[in-house]
Amino acid sequence: MTATGSDVALRRLYDDLAAESLMPLWTVRGDLMPAAPQPAAVPHVWRWADVHPLARRAGDLVPVGRGGERRAIAYANPGCKGEPYATPTLWAAVQYLGPREVAPAHRHTQSAFRFVLEGEGTWTVVDGDPVAMRRGDLLLTAGWRWHEHHNTADAPMAWLDGLDIPLVGALDAGFFQYGPDELTDRSTPELSRNERLWGHPGLRPVGAEVPRTSPLMAYRWAHTDAALAAQLELADAGHPGAVGPGHAAVRFTNPATGGDALVTLRMELHRLAAGASSAPGSDGAGARRVGSSVWQVFAGDGTVHLDGEPMAVGPGDVVAVPSWCPLRLAAGGGGLDVFTFSDAPVYEALALAAPEGAPS
Amino acid sequence: MTATGSDVALRRLYDDLAAESLMPLWTVRGDLMPAAPQPAAVPHVWRWADVHPLARRAGDLVPVGRGGERRAIAYANPGCKGEPYATPTLWAAVQYLGPREVAPAHRHTQSAFRFVLEGEGTWTVVDGDPVAMRRGDLLLTAGWRWHEHHNTADAPMAWLDGLDIPLVGALDAGFFQYGPDELTDRSTPELSRNERLWGHPGLRPVGAEVPRTSPLMAYRWAHTDAALAAQLELADAGHPGAVGPGHAAVRFTNPATGGDALVTLRMELHRLAAGASSAPGSDGAGARRVGSSVWQVFAGDGTVHLDGEPMAVGPGDVVAVPSWCPLRLAAGGGGLDVFTFSDAPVYEALALAAPEGAPS
Amino acid sequence: MTATGSDVALRRLYDDLAAESLMPLWTVRGDLMPAAPQPAAVPHVWRWADVHPLARRAGDLVPVGRGGERRAIAYANPGCKGEPYATPTLWAAVQYLGPREVAPAHRHTQSAFRFVLEGEGTWTVVDGDPVAMRRGDLLLTAGWRWHEHHNTADAPMAWLDGLDIPLVGALDAGFFQYGPDELTDRSTPELSRNERLWGHPGLRPVGAEVPRTSPLMAYRWAHTDAALAAQLELADAGHPGAVGPGHAAVRFTNPATGGDALVTLRMELHRLAAGASSAPGSDGAGARRVGSSVWQVFAGDGTVHLDGEPMAVGPGDVVAVPSWCPLRLAAGGGGLDVFTFSDAPVYEALALAAPEGAPS
Amino acid sequence: MTATGSDVALRRLYDDLAAESLMPLWTVRGDLMPAAPQPAAVPHVWRWADVHPLARRAGDLVPVGRGGERRAIAYANPGCKGEPYATPTLWAAVQYLGPREVAPAHRHTQSAFRFVLEGEGTWTVVDGDPVAMRRGDLLLTAGWRWHEHHNTADAPMAWLDGLDIPLVGALDAGFFQYGPDELTDRSTPELSRNERLWGHPGLRPVGAEVPRTSPLMAYRWAHTDAALAAQLELADAGHPGAVGPGHAAVRFTNPATGGDALVTLRMELHRLAAGASSAPGSDGAGARRVGSSVWQVFAGDGTVHLDGEPMAVGPGDVVAVPSWCPLRLAAGGGGLDVFTFSDAPVYEALALAAPEGAPS
């Protein structure tokens, strides 16, 4: 569009608009509505070899306590200038709890989970239910549930925290409340009460309440591992059920609905057999998708291709994948187990998939 | 209503109506629309001590084969004159398979399950997936899936079959098809493929298809037993989750949706601790309900109160509970485990619960 | 299956089974589970020229009053021996109300509607809301709502009543209650309150309660007619939206959900242009369907093909179509408007469609 | 939290974290997770008397054409520095089309509507269906539908555009495509085809496709006005259905589902009788809500209370209400009609309501 009036008249119009808190579309339309998503976030890999020592140093220097609340170090996407966000919707952080250390209770409407890369001996107490945290486990803290952590071991423990903090922030929807300063429960049961009620395949406790988010709050590695192993065995024997050849994946779901375990976050574990590669277009691991995701290598090694760029990855490495960025995973000789979480349920709920005819 | 015309004129009208396949409402209204449900079906108890010997005699006299298809003996409600139905919507039968015996493949749109009272060594092959049947297991055969059975043991085996035959019959909705006369699969895997894909708590195989009915087709006793035990322990410790004091119950659900495992049938297992009793109004076991159910004692002994009438029951005994008939269960000294199935999902789908202000 | 034991032993077994209220499957399997639906109900046509005079005679001879409740004459399918049912799930009746006559209030859990073939001047009062009844209107009385009728005109009035009485009866789910003997409301507003709240296209009253069944209880002919006319015009102009060439149809829906107006009944009005015919397989009017339906010609004339058999039909004629019976409609020279109701929502809710591979 | 290490060590840690694109939670926790929403957006009122002349000046100076696409002037919330957004999720703009002017076709995944404050003579062509725009009408352009506008009148026309541009931008989910430069359809039918198919209360065209968003794309003022008038009349007569005393409201919904007309936006029209006031807590107009909204006075005058601050408003004035900001509307002597749109469906889909125990 070219101005037909004089430049002077036009400049005066723009000034007058600005004075009234108005802004012309035609000067910004292209940026507002690009032909395809142009995220500020960039594809990025953080190395566990870099991150872990820094977490340990924080453990030495910074106590856990009221106000700061958690010794969590956020993966801050270099494209999201100054924001501690892995992607525009996802928070990812390594949380570090020293031997015998305790994190006090609080609650918030942001949804959270923990995925344990290594170690054990910590319990997270969610609404009064103590949940053991061990290697490979996924533990949930749905919105507005009280939670506190205590490490009963003599060794520090580190895990991945995932939350929808950026999304809830962009939507101005967050509430936060402090709980008691003292730990409310120091018991250390093998199994949490929610698992004892809800952790039996296909069985629903008839008398239990069914909340909107998953009443099951712990997904144990033994189950995850067995499910992935079975998929690959079945695929090898020519049966359906895996994502693709040499590619198994499980989604962590709400047993009361079959839907995602948290309303705003999707969590999955993908396993690639030695030498296998996630096919482009396979669910959650190969396709270009509208919406972003974070991946953490749990075991094995391989290569992650971000927009065609190969990066070698190993245990603990974290990868941020912005919206519409092509992703492919390839396993090395020992196979590759990767945990991932994404904002996919948000886009499904809001019907924000790529339209027909979108650039592929 | 009293006729104002002469009786003759009225009789002539009724004859003329009948001749035109018409029928006056006012002469039948009370029967058509009673104040509360008046089922033809009656409360009834069948004794395992009576049923089992008859099944064995049938095993000696009647072969399993094409046409009759299954050596199944139906629990025929004495109120449903001449119909082999446990209730107006539910079919229940004891199926008996001799040593090394085989039942050939067929499929039908009626939904079916098997619940195993005792024994092991039989496999049911559902759409090509062999499923082991053992004591306490619930096995599904959703509508229109090929299925055949083979007993690999030297002992006969008997189990409870439940189907929606009467409902599907009343709705003129049944289709039936014969499969091959010869057994299609004689393998005897410990775990069926559907369990290996779907039998992990809260874990969904990302690449698997999700049918309308439960993709999980076997619910093992070990899981059921553990879930019930946990509920009672939690209740003893003052935590929620059980149906009531000393009363635990699990529902067998579709892990992909959290809903009932079959679209038209609800299956549950209830456990009453020694001396406990299902409270009136507790879910599925004490209330008067619109819709009918069948119960089979799995273990222990106790008393079933049908419309106030107490009947002692023990393992294998089967109870039919018509619509709107009050039911209460009471455990004897050894506790009581009872399997049940009902038509509850039908009434929920059709919004046919008792209305507000119904006679209580 | 042939008995291996002696006939005597077998006969004794069958006697012993019968004595214990047990019944062998293998002797009845074919009837219980036919290859395709074999309804007792038959295709049938009732002529308005036969029915209407009989209704008038009933008007002279039988008063409306407590007990009988309504002067309704049921279309009784000749195949359903002795039952006043149009099909195994559907009740259809002509209701006849004399000049100034009144039908007292009652309520029942059975769902009901009225479709007005001709006349006006009657109001049905539903839960205290007086609803005018006029030619071509569809009026709802969802389950458990009080309703009474009063004819304010000097002429009698007749309409079609449709209910799910047989279905609710087969499910032992009916409750019935008498209201006051005297009419509760004699007002005669043009528009009922429910229409004033809910009868605006696409507009939902923010402050109104949303019941499970349609809050809109009157569908006026002017709207129905306009919608059908528009579909045919659009089809003529090459635009989509009609069912097929010369075939328009509207479904009466719950504006709060978009689903069927009643939970158990689907109501539609079909219009065929002069000379047009419902194509086999077109929605609701040509295909063989699992489930049954009733059709009443509202205007025009034509031919209904029932399982290939052509029958000429005109205004007021009623047709019963059993499950799985092929149906085709063909309009005469003046076009054909047909009202229909069916049990389709029941079969959709219970996933009881014809399976893949069903005989076609 | 106070650092236990020396300040130097801590500063070095923070520097090293930053170098690795990591960020400590404990230094930013309070801002990230406030006790209640602290939106950057502020409550704001734009006066029609200010906005309209500027739109007219833009009409003189700036042509409509390819690239800029539309002569739309965005209401830019003073709190959202530099962003042309009314709130963090909602775009609102006045669009101005001169006599005989044309805006070329494009499509985008962002959802859009137009609400017409005054004038007529413009048609918007949506996926080939020309839709007349007149005073009080709401017109939809769901995501990824081609649309173009043409003004057939000799007078300019201005309307309110609402879109989810900020939300879709924050989610990196937008796609945009240019259509042909020339207008594709210059016809000017009274009623669009979508209205002829879907604009009949409670009637669903059996043969029409049902998209995810509303198939009805025009909501005419005559219907809206009648619905609001009826609510107030019913309330005056003591019947339910209005939001509160003197307060009527309709929501624009998808007739195929009863849900919001657009997946991400809720549109409503509220009418307050002379002297009436929206009660605190009444739906959509009085309560503090998580999520934001925009309101435009359509007719009448009154006062809007934003966080307790009263502001007189009249026709055309636009109000932005950030998340968690209390709002109350009060009508002047002539009553008050206010159109509003909000992001409420997003928060409902994502379960992001205010939690129990939130500060009230």
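Going in written order, the chains are labelled A, B, C and D, and every chain counts its residues from 1.
Here is the rule we go by: a contact is a pair of C-beta atoms (placed from the backbone, for glycine too) under 8 Å apart; a residue touches a chain by one contact, two chains touch by 3 or more.
If you're wondering where the values come from, they're calculated on a predicted model, not measured in any experiment.
Asker: Would you mind naming the chains that touch subunit A and likewise touch subunit B?
Answerer: A chain counts here if it touches both subunit A and subunit B, and no chain qualifies.
Asker: Look at the interfaces B-C and C-D and say which one is made up of more C-beta pairs in contact.
Answerer: Most contacts of the two pairs: B-C.
Asker: How many angstrom between the C-alpha centroids of subunit D and subunit B?
Answerer: Chain centroid spacing, subunit B to subunit D, equals 52 Å.
Asker: Provide the C-alpha centroid distance between subunit B and subunit C, rounded to the nearest whole angstrom.
Answerer: 31
Asker: Would you mind pulling out the distance in Å between where the CA atoms of subunit C average out and where those of subunit D do?
Answerer: The answer is 42 Å.
Asker: If a residue has to touch 2 or more other chains to count, which residues of subunit D qualify?
Answerer: none
Asker: For this assembly, give the contact graph shape among line, ring, star, complete and other.
Answerer: Shape = ring; chains linked end to end, path closes on itself.
Asker: State the interface residues of subunit A toward subunit D in the complex, per the touch definition above.
Answerer: 1-5, 9-10, 13, 16-17, 20-30, 32-39, 41, 44, 46, 50-51, 54, 57-58, 60-78, 84, 88-89, 93, 108-110, 143-144, 165, 168-177, 212-213, 263-264, 290-292, 322-324, 343, 346-347, 349-352, 354-358
Asker: Which part of subunit C faces subunit D closely enough to touch in the complex?
Answerer: For subunit C paired with subunit D, touching residues are 193, 195-209, 214, 216, 219, 223-224, 226-227, 230-231, 233-234, 239-244, 247-258, 261, 268, 282-284.
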